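What follows is one structure encoded as structure tokens, with my remarks underneath.
Chains here go by letter, A, B, C and D, matching the order in which they are written, and residues are numbered from 1 within each.
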Amino acid sequence: MFESVQKRAAVIAGGGLKVRRLVVGCRKLLSERGEAAGVSLAKITLDLYRNLDKKDQARFFATLLAEFSPDPARVLAASKAYAAQPSASTLAQLSLAAEPPRQELLRRLNRAPGGTATILRMRERLLELIDEQPGLDAVDWDFRHLLSSWFNPGFLQIVRVDWHAPAYLLEQIIVHEAVHEIRGWSDLRRRLEADRRCFAFFHPALPDEPLIFVEVALLDRMADAVLPVLDAQFSSSDTSQATTAVFYSISNCQPGLRGVSLGNFLIKNVVDVLSGEFPRLKVFCTLSPVPGFVAWLGALLKKGTFEELKTAAPALNTVAARLGVNIAKIASDPDCVARLAPLKEPLMQLCAVYLLRRPDAGELAQDPVARFHLNNGASLERINWLADTSRKGLRESLGLMVNYLYEPRAIESNHEKFVRGEFVAARRVRGSVPS
Amino acid sequence: MFESVQKRAAVIAGGGLKVRRLVVGCRKLLSERGEAAGVSLAKITLDLYRNLDKKDQARFFATLLAEFSPDPARVLAASKAYAAQPSASTLAQLSLAAEPPRQELLRRLNRAPGGTATILRMRERLLELIDEQPGLDAVDWDFRHLLSSWFNPGFLQIVRVDWHAPAYLLEQIIVHEAVHEIRGWSDLRRRLEADRRCFAFFHPALPDEPLIFVEVALLDRMADAVLPVLDAQFSSSDTSQATTAVFYSISNCQPGLRGVSLGNFLIKNVVDVLSGEFPRLKVFCTLSPVPGFVAWLGALLKKGTFEELKTAAPALNTVAARLGVNIAKIASDPDCVARLAPLKEPLMQLCAVYLLRRPDAGELAQDPVARFHLNNGASLERINWLADTSRKGLRESLGLMVNYLYEPRAIESNHEKFVRGEFVAARRVRGSVPS
Amino acid sequence: MFESVQKRAAVIAGGGLKVRRLVVGCRKLLSERGEAAGVSLAKITLDLYRNLDKKDQARFFATLLAEFSPDPARVLAASKAYAAQPSASTLAQLSLAAEPPRQELLRRLNRAPGGTATILRMRERLLELIDEQPGLDAVDWDFRHLLSSWFNPGFLQIVRVDWHAPAYLLEQIIVHEAVHEIRGWSDLRRRLEADRRCFAFFHPALPDEPLIFVEVALLDRMADAVLPVLDAQFSSSDTSQATTAVFYSISNCQPGLRGVSLGNFLIKNVVDVLSGEFPRLKVFCTLSPVPGFVAWLGALLKKGTFEELKTAAPALNTVAARLGVNIAKIASDPDCVARLAPLKEPLMQLCAVYLLRRPDAGELAQDPVARFHLNNGASLERINWLADTSRKGLRESLGLMVNYLYEPRAIESNHEKFVRGEFVAARRVRGSVPS
Amino acid sequence: MFESVQKRAAVIAGGGLKVRRLVVGCRKLLSERGEAAGVSLAKITLDLYRNLDKKDQARFFATLLAEFSPDPARVLAASKAYAAQPSASTLAQLSLAAEPPRQELLRRLNRAPGGTATILRMRERLLELIDEQPGLDAVDWDFRHLLSSWFNPGFLQIVRVDWHAPAYLLEQIIVHEAVHEIRGWSDLRRRLEADRRCFAFFHPALPDEPLIFVEVALLDRMADAVLPVLDAQFSSSDTSQATTAVFYSISNCQPGLRGVSLGNFLIKNVVDVLSGEFPRLKVFCTLSPVPGFVAWLGALLKKGTFEELKTAAPALNTVAARLGVNIAKIASDPDCVARLAPLKEPLMQLCAVYLLRRPDAGELAQDPVARFHLNNGASLERINWLADTSRKGLRESLGLMVNYLYEPRAIESNHEKFVRGEFVAARRVRGSVPS
């Protein structure tokens, strides 16, 4: 498969003078001269990349695939030597032969000032291209491998973001909030008050850019709807009675770090920080959307036969009878909430089914938010009815929201079960799934 | 070779409960449970290592070799698949199979607070063990590979160290100075005055520990002796006439970073910083010791026949006649300087020979300081007579010192020549080598 | 006069338990015990003040006047002794007798944490009361005397406010901007971009509260209207061509510092800072409102006879004929700008008359903005037609704005002339005043 | 008295061109022009002072006395007007007339960058001159008055000094330590370890210069000798058992702040800080020298008759018999400690007498250290035998040291008693004084 890509790369790269100059720079950087030139050559080479247009960037990544992959013959020879005689020297030869040269290239580019930021932008672009050119997966593998090493939690700094933070940083919080839109500075301010917390991870090489942030409400109970969490009228300056930390939003700021584990570490780090600050806190949970529910339900209803889900068929039939097949349209109905009201029971049942069923090969994949939290070792504690009646909340999940529970002592075993295909959920939720 | 080590490891590890508990921790950390446990398991595992005594540490490294190396059969299979069909997926399989699992282990250990510092201490210990157990080279390869990636210059911060620096930091400068001993705080203070500079590299994960530092004198000429550089009586608060930056000392503070390129980047970074601050600076050079000279010369003289060095034979004979064969003793002679005086010409000639000859297989390796600077792309500009008459200076190099010249425009080509075996030196130095 | 106040104070204070407790605290603080109690007693006493309601605050200030003024008999005796025999000891006695004890009281209150901030709030309240109780002027004299000493420019820190400033600080900038209202965060952001500057004075005892700030536009000419200064569409990131710094807004944030000279020092400090950063800057001027113009003109027109301003009578008659007597109403006319258009010449003439005439006893005082800048040593450089067509700009000054010029070399003599009653203005402005 | 000084000043000032230029600068600074010139004129004037030699400085201070004192006639007139009719305006006139113009001069000089530091240096010089020219007391009164207002505790910052402090700051601690000399950096380091504390006051206008600092040992009992406090062998990293904070040294760094109350506030502030950090701390005391004891005792013995101290006569006779009259010589006797041994009882008795007797007019004043702590509200808790056997300790106080106790609840009443002439001491100490 690489071969065809290689030919294509050869052709494409043939066209672009800028790309060719960049590739020459990369070769030099990997050579002995590059070692001595140190940072200056890395700077020049990065600048050549920064001047590429989008098409030339695609050509460059194709070249990274075609020219900077391991040499199969050399790897094979090294593997044979290592298999014949495992030793420090055969292993070193193997490691050198098997590691794609573009990894060393990225390490050398990273030497330049601002190198890490540019490499993140490079990967952002690379991820856009992967759909069209799946062969680039191999290039992306190396980016992700290095970025996972560099953005190791041991190198990250947790920062509390509050009203004393610099404006340029708060502006980024507003822009990157992905779950519950922040409507301007006063909405932001409410989320930074005494009974709320916002924490972000930073990397020292990107001191001005948060990587990911999480928003938390300190409450006296597990929230069952989003309004009291977000609305300013429920503000309280007294956190002494808070027993429950509700993580109500987590947002990535760096598309170039997709697939690098950050959210999991951030949540657990914040649990530690808050436990230290508020010894009375006993419950750490989320209030999360169910973004894939309506799509899944709509697809099921359209299909019309519910053979694989026989036990849920009554609920599905009820819903179909009341709302019709095109369930996605309901969110735009001004009487949406009223129309949903009589369907509370079947819909909550179906949501439990949706969240707890193992996805089959042919089905839509499991809910991404559920997958994230369950994989982190949380358990599914509760499904909440009419918990988010915003347009987005109704369109994606008919207003349902979920509390996932992070119980420090259960996290490891929950995660292990999840990996084995068993989803941990509260008895009440499990009980609502027809068997 | 690994096999015997493996057996030994099995035996040794069998003995130590603490080691076995640590190894169990490492296995768990690499498992799925470890992924979810996140930072807490990494903390616990690192603590288990910190509690080992020196013998148990040796056992642990033996286990890292025996148990956490790539599986030869799996690598071979992956190599064959990749060779048969190079694709993103076969390459990913190859990468996973060929990378020693201890690399991922170190990345996961590094997640813990203070993880990076402990990993550096681990490697410090590992380097002590390598002489006895050369098989551990394979383990060290992985440590060095990861540390080189993590201590990439793009992640380092250059810091000017002056009299405003915190005392605990200055104390470390005193301790780690390896070239010209710092005799207490007033000696240190002189090296931090207006006409001197000291710069250090820091890594954000070790904010309190300098990695390496360099000391520079701002002068109006290339220094030909160390006294005016170090002595307080030559202090000047006027740097406006300085034309020459003399790098007179560079010292590593982290034995665990041996082999990770830092000095080269630090020197070039400081050249940039000083060029910006003092536009009148035109010359960047070192004043360096020749630490291997006396050992090399002594070995030659003892051997008695100078066949490979026929052209230098007259000089060698003169020196032997005047000083005798056991040249190492001369430094302890109170009249040392007087006895050396008549030998200026032959000794400077021999020093040039020493520095510029390519080391043969059987010979002592080339001078380490020369190798460092020439490999960085500097050229050998001048050899200075009676430039360091301290006891150490006389004992190691009969008082000779060298100026290496860092000429930004020549650095790349100088380095390239060095790699090809050609040492760039000023005409005068080359001319003194008999041909 | 104090006597009647004293009686009133006695009566009033008689009513309030809280006030009496505070007064007892003040007496104790001034006693020997107070000296030793140090900070703790100051804290307690300040807290007593903070718990007073507005009426009790008024009672407390009355007591400060009645009880903590100098004793006339003691001052007179000390003055006589000093006059008879001026010596260190008679002078010390005089100083002690003449200084109102409330000054020492304020110094001792200031020892408490947060003391300075509370004293500023106290004066804020005191200034509200002065209109009703002019005797309190004597108390205010002491507040202002101490605050002038404490907020000496030597103790102030100048800080550039930009988009990296903390949000809580920027919020205060939005709130306190007094000249051209800031309409939300994006309006603020425009004023902090590369071609704009904002500087504030801070005092170390109030690290979170700006005292005063000034906004500056870096332009290639002296601005003749406010729109290009404020509007985002005129934004430019290139300041290399800037020749002119236009101070377009200066706002006080601390009512409690009224009468303490800050603006004068801030402007001159900013001139120094900008001169250092942009050597190409040659002109430092303002773009200022004329807030008293319409009120002055309206009063004149209503009066109907222009005897004192005979030379300006033609202009006044023209204006009266076209706009009528009630000139203040014109700003609410939607065709205001069109109606003003034909009156450009007489109105600019009248504005020059308004700004340059010395106020007589019976007249409205001179324009406060003109007085501020001329007293600082600036000169009146230009009057600009239709420079601020905002509602406020039209209502207060019929859209006119003024450039005052700060020419470092002329500042001292300009100020001296101003104090002698001579207003320095450009020839063109002076020429437009009919003589 | 001023008159003669004035004549002298006229004569002296006549001689110095530099002084005359400075005086002209001062006059201008006080004039209207000076107000507008702002900071620049203050800078120039301060520079003129900085260029004076010591003699010219003396001339300048004489001029400050002669020319910048209040005008007696004007003060008298203002006093009469105020006595006749006390009002805001007569009081303002009085305040203006009575305040020496040099106060406003100092406030205007202080506007310049670095002004406060220079004013402190000015006062340092002024204090040197006062002995010769007592009339300068009047000038010093104004310096002290302003400095007391500017160095109000509300403006000071308390800073913990530890091994993380910058070297230039620690160097000043070494230089200024006045009680127990710091012998180099390792001695200093011991005083900054986990079981010791050092706190300093800073003023924002002098960010690089500590004003005063105090050293504290955290112990499990009240120290009765200085050795265990200072010696490294008694170091402990465990402060969890500490019950007692022993203030063993307090040193001023700014001679220009003599008479400005700092030590009292520093000690009480540190008591608060330590109480917060170590809730187990119950006792706050000092371990203090008795610097005036030997001088007092020697003078008594030389006098030979002990009429005023009849009750102590037996003890005095015993001492005189054993040690002779010239007691000051004993410290240089190598057997000093042995010779003192049999005199423990009479010497401790005499020390109690020395510390607790009210000084009569004709006598040497009371011990300055006792006066400082008793005036702060401490009580005399214990006298310790052979507590400081350093040369200085023996020479000044025959090895005796005192614990003064700071009991927060007793401080106010202790101070009040002290002011009334009653010294609070523990029963045991009082009991040892013969009555």
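Keep this in mind: contacts are C-beta pairs under 8 Å (C-beta built on N, C-alpha and C of every residue); 3 or more make two chains touch, one makes a residue touch a chain.
Predicted model, so just to flag it, every value in this text is computed and none were measured.
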| item | value |
| --- | --- |
| Centroid distance [mean C-alpha coordinates] between chain C and chain B, Å | 64 |
| Whole-Å gap separating chain A and chain C, where each centre is the average of the chain's CA atoms | 54 |
| Approximate Å spacing (C-alpha centroids) for the pair chain C, chain D | 41 |
| Multi-chain contact sites of chain C, meaning residues that touch two or more partners | none |
| Chain contact topology (line, ring, star, complete or other) | ring |
| Pairs of chains found to touch, sorted by chain label | A-B, A-C, B-D, C-D |
| Partner chain D, residues of chain B touching it in the complex | 163-168, 170-171, 184-185, 189 |
| Footprint of chain A on chain B - complex, ascending | 1-3, 32-33, 35-41, 69-70, 72-73, 75-76, 78-80, 82-83, 85-89, 91-92, 94-95, 98-100, 107, 110-113, 115-116, 134-138, 141, 145-146, 148-150, 152-155, 157, 204-205, 261, 264-265, 268-269, 375-377, 411-416, 419 |
